[in-house]
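Shared chain: subunit A. Partners: subunit B in the first complex, subunit C in the second.
Up next is the complex of A and B:
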């Protein structure tokens, strides 16, 4: 078929294209607006190479968590336990590492790689727990992962008992806080996670199934897709990404303690949704998540540069998230209108 | 009971010259209908013959119609179901309108609960409900949650609700389709009791045996017209069927009134076999065989269990019993197992089969991804395959990248079929494959299905429309109340014999 024939049916032209691409255009315009705004407001400190490097560094941990969450949300599920799993995995890796004398934790020092493996096993197991609860028992992911949030927090509390641990295996230390040729390793790791996730989602069978299950779960089942496996798998991916982010985060912050990742749950969800991935599943992707991460990163960083009441900052973030949600739901209703209109 | 025969009693409701159209489609033409006091009046006709439309006019659901309607000799024109209920007309729809999580008493008095000082007067409500149900011979604790009761009992309670709001005319739409034989008996004894109290009942059903069993009078509809009203004692089932399907030349469907030759292949190898397959209330002990290169039609009225059977054959629901494909026993715990074993399924609803915001090629490749790709997806290959299907199935679309939602219904149905055609399955199960299609699209589907059969695929066609089964099948089994009651093979069959068996 030739391209000229395709243009015949697109009667709406530019307006229609904008409407169909709203969820991709709006976040990009938001990002552009924020960058221009802060550049004009504070060109001397905001608009510098160092500062942009800073922003990338600041969003890296959120990025790794958001990668997993993108899979989950594309499947029309949610994972509220990501920050808590990050926390317990970070604490676990410290728990199995030799700590300095002044750290008063009855821990079990092991070889570095073994500690990392055990920590990965912890987040994998918690992810499996989420997966089994949602797919086998049929607990809605919202509730299941809410319970997991508490469970993981409880495990964190039992590991550290109110203390703070500082040492992590060398490899975690390097990747979390080291540099190579002046580039922080954590930015490279986050970039790799984003790249691999994008390739998986776009160019593999599994990725296609994730979109299809999110887009129309019943149709996926009638097409012979193993829907439960896909949903279980995205929850495990979500947990493992969080675990990696948690380990690197401990090195990044320089310590492992309770409630260290408190703000990361909201940040990661916000990044995915602000980027334009549909909360109803099936639409969006890593590209959207990257834009969402940059919007949040520029906003957080920019608000530090303009003198502003720090309490007002929280409110602004809330309003931006609300605006993103409105666009997200509005784009969805445009889409369903388009569907019913032609059916 | 009065001494008068029902047909001589005074009319309670009269409809004179009623016509009704939906858009450009004439659903009713000049229908006269009379319902007498204290009679059970059966209404029969094929799908779309006009029985439900007529009753929905009486029940106030449709109000823009031509013609006159009289109750007790006075002209009425209902604007809503509430209007009709106030005038004493209540309807019990096929899908019950109870609230499953509320108690029996609350359901009986739904919308008109007795109150005391602004709050619901529970003791009175429970007492009244118990009394009311007892007069109908329904013994149940009014405080029980209605959703936990058997369907048959829920239905009786819904009838009780319609009665409690003062209905003298009760319209029942397909009340027996979901009931077991004892439940049907219980319903019938309640209906007889109500008739003897002087109420009038309209009984719409596909189950002719039930209609002829319970009714005093029967009215037959065909193509939006009333054909005949007659006392049940003066007509046989065969005559009813003849009048329902007609002998004239009133449309294309009539071509199936003649004898159809069944081209069964008793010697072809069996590809799919079930032994004593059962699923909850839907179907029991279903044993059947599907042979390579034949189309097995499964026919039955709505609610006879054939739709659920089709789902069970694809692993969408888990049935008890044995299922083998080419002699290999399968435990279909999920649909992906069925797909891997070479079973393909197209459900009756396109919406539950397709991805509307995805391009055509992704819709067509979803079930064969592992066959056409190794490690990485190659959309160009998927597009090539899609273009092939677009051409051979004559799907009207500008291209493989078009979003599925932009296609018309018939073309979407072809896409749903195309999903399974790239790599031929062993068994293809089609549920209502031609529902809602225009004649041209139907013919295309018939051609596609015959083509697949001739390639040696075992095809199962499940439908509630006799024409669909007759136009496609080489062998037909008839299901009734969840069981296979009749098989037509190696001989001829006609629509009236099919209807008679169901």
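Up next is the complex of A and C:
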């Protein structure tokens, strides 16, 4: 990808370079516009260090889920089960933890590390099912993960049976809601996930294969890449990232209950796509996902700082996201033109 | 209205002159809104209405729900009366979205806040942050956190068990103490639904001739209600009574029954929102028990003002928990209930 970009600069000059990079530049400009707008509209409360920390806190769980989803989308696949797997993993870790007397769940308390391991095994197993369904049976990922969404939701319901659990192991509690030197652990964990994912995608053979499979599956196969393995692996990565996010989410929110994390599905997909990663695979990366996360975080946070009709907020949020996506698609076509040298 | 209360314009002016400056300002606002100024002045004097506008933040489960939207209107109405600027943080019927909104609320300064949690235990950290800052936090309708784990200013909520029991009692009485009955529940994790179910069970167990056919949850979802009731009507030739955990579900099921030409079922709901009261007045529903959105949200304004201006503290002037029940609404009291709701009195 980078070779193509260099060629474009040499042959087409700055204009073509801008066009080829518009997919990356546009989300960044959207973010800049939102920051400037809310800073001017409500400088006293929006433009503060506390609020910046607040935004980072708010996007952390979405970030961990979005990391896994970035791998999946880069492979031109989709995972609709991420939020449900996050939910069932969070519920599982609480189910295997001793709960207060007033919690009316027939659970199975175990030692904290064991509860965490079992919860991780749950999300890994669900990711494996997704992987096997898509690669061995040949079910499209959209359908397979849709079914998995239902399965995970059903498991959540069976675990808690309409009740609410509150306690999680200490390690999960610390990472989900604790601080170190004033910095929330959850922000650090999200940062680490983003960093490791970036390194894997940029500097490892596996990362290159992910881009190859997403960019041109046939070519990747002819080049000797084990496409099925790559697709299976990204689905497992997606599920495990979701599971970790779910466990920390339960600690962050203070309770584990059914249908708690549903909103993370669209938020995570939106973060990846708004950031500039192509839904058709092969283009984008963790850098784009970070920008997408910040666009969503600033937008959601900023709208709560300005005095507008709450009924209007949802519409505004939708319109801004639509604008970002239109720019994304437009940028894609400009890039194609720039690459082919047509105007 | 003035004549109705027997207060002449002259005596009204005299009365206003005798009260404090803040109450006079209140009277101006109240008068401008078409409310009897004598009442306004008295209310303001009692509550200690603030001279300067107070800043309050409110959040309820989600404005998509008509009960919550009515609550917002009530809070804003009572806020104007008591000189409170209300800023709304919509929960959007989503625990994650509400948590983000409450995080944002907690990063700003307020004179008082009022919150109805969508998910119990999901808002504890930011709410605790506001309490630590000294902001009175008024808990509405649903517990923010379990038991006494969080020190809210007060908790304004109906007794869900009472609501479930009183509506079920009305249904069973109308059924003559015998027959078949169905309870369609809200989301099982919702404490309101749990209380209403408990109330239902406490009544039906006293009637051995009443057979409970089904108690499936429909999760407050009208499309799920339609699916469940399509099946129930096919499965059971006679269903004498049906208790729904809210009116939206009751009205959705009533439509399904109408399509199936099944008119034998007496329907009871919860919330007593205007469309359900209309259905009661038209005879499509037997009754619905009022969950007083106006009283809860308006009460939060009064409690907040009393805390900030009057210095009320938990246990010293205001109890830790206040039960805000409403009556069973039938044809007999439906019109009055509509009027009271129109003026955010219940």
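Everything below uses one rule, namely that the second predicted complex is superposed on the first by the 320 of 343 C-alpha atoms of A that agree within 3 Å, B and C clash if a C-alpha of one lies under 4 Å from a C-alpha of the other, contacts with A are read in each partner's own complex, and residues count from 1 in each chain.
Here is the rule we go by: a contact is a pair of C-beta atoms (placed from the backbone, for glycine too) under 8 Å apart; a residue touches a chain by one contact, two chains touch by 3 or more.
All of these numbers come straight from a predicted model, not from anything done at the bench.
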Which superposed partner A:263 touches (first subunit B, second subunit C, both, neither): second
Touching partner for A:226 - first (subunit B), second (subunit C), both, neither: first
Touching partner for A:212 - first (subunit B), second (subunit C), both, neither: first
First, second, both or neither for A:110, with subunit B first and subunit C second: neither
Which superposed partner A:282 touches (first subunit B, second subunit C, both, neither): first
Partner chain(s) touched by A:313 [first = subunit B, second = subunit C, both, neither]: second
Footprint of subunit A on subunit B - complex, ascending: 314, 316, 334-336, 338-340, 344-347, 351-358, 362, 366-367, 369-370, 373, 375-377, 387, 398-402, 405-409, 419
Sites on subunit A touched by subunit C in the complex: 45, 48, 50-51, 54, 57-58, 61, 100, 102, 160-164, 166, 177, 252-255, 257-264, 267, 300-301, 304-305, 307, 310-311, 313-314
Complex contact set, residues of subunit A against subunit B: 1, 5-6, 8-9, 202-205, 207-209, 211-212, 215-216, 218-229, 282-283, 335, 338-339, 342-343
Subunit A contact footprint on subunit C (complex, rising order): 63, 72, 87-90, 92, 94-97, 99-101, 103-105, 107-108, 119-125, 145-147, 187-189, 194, 217
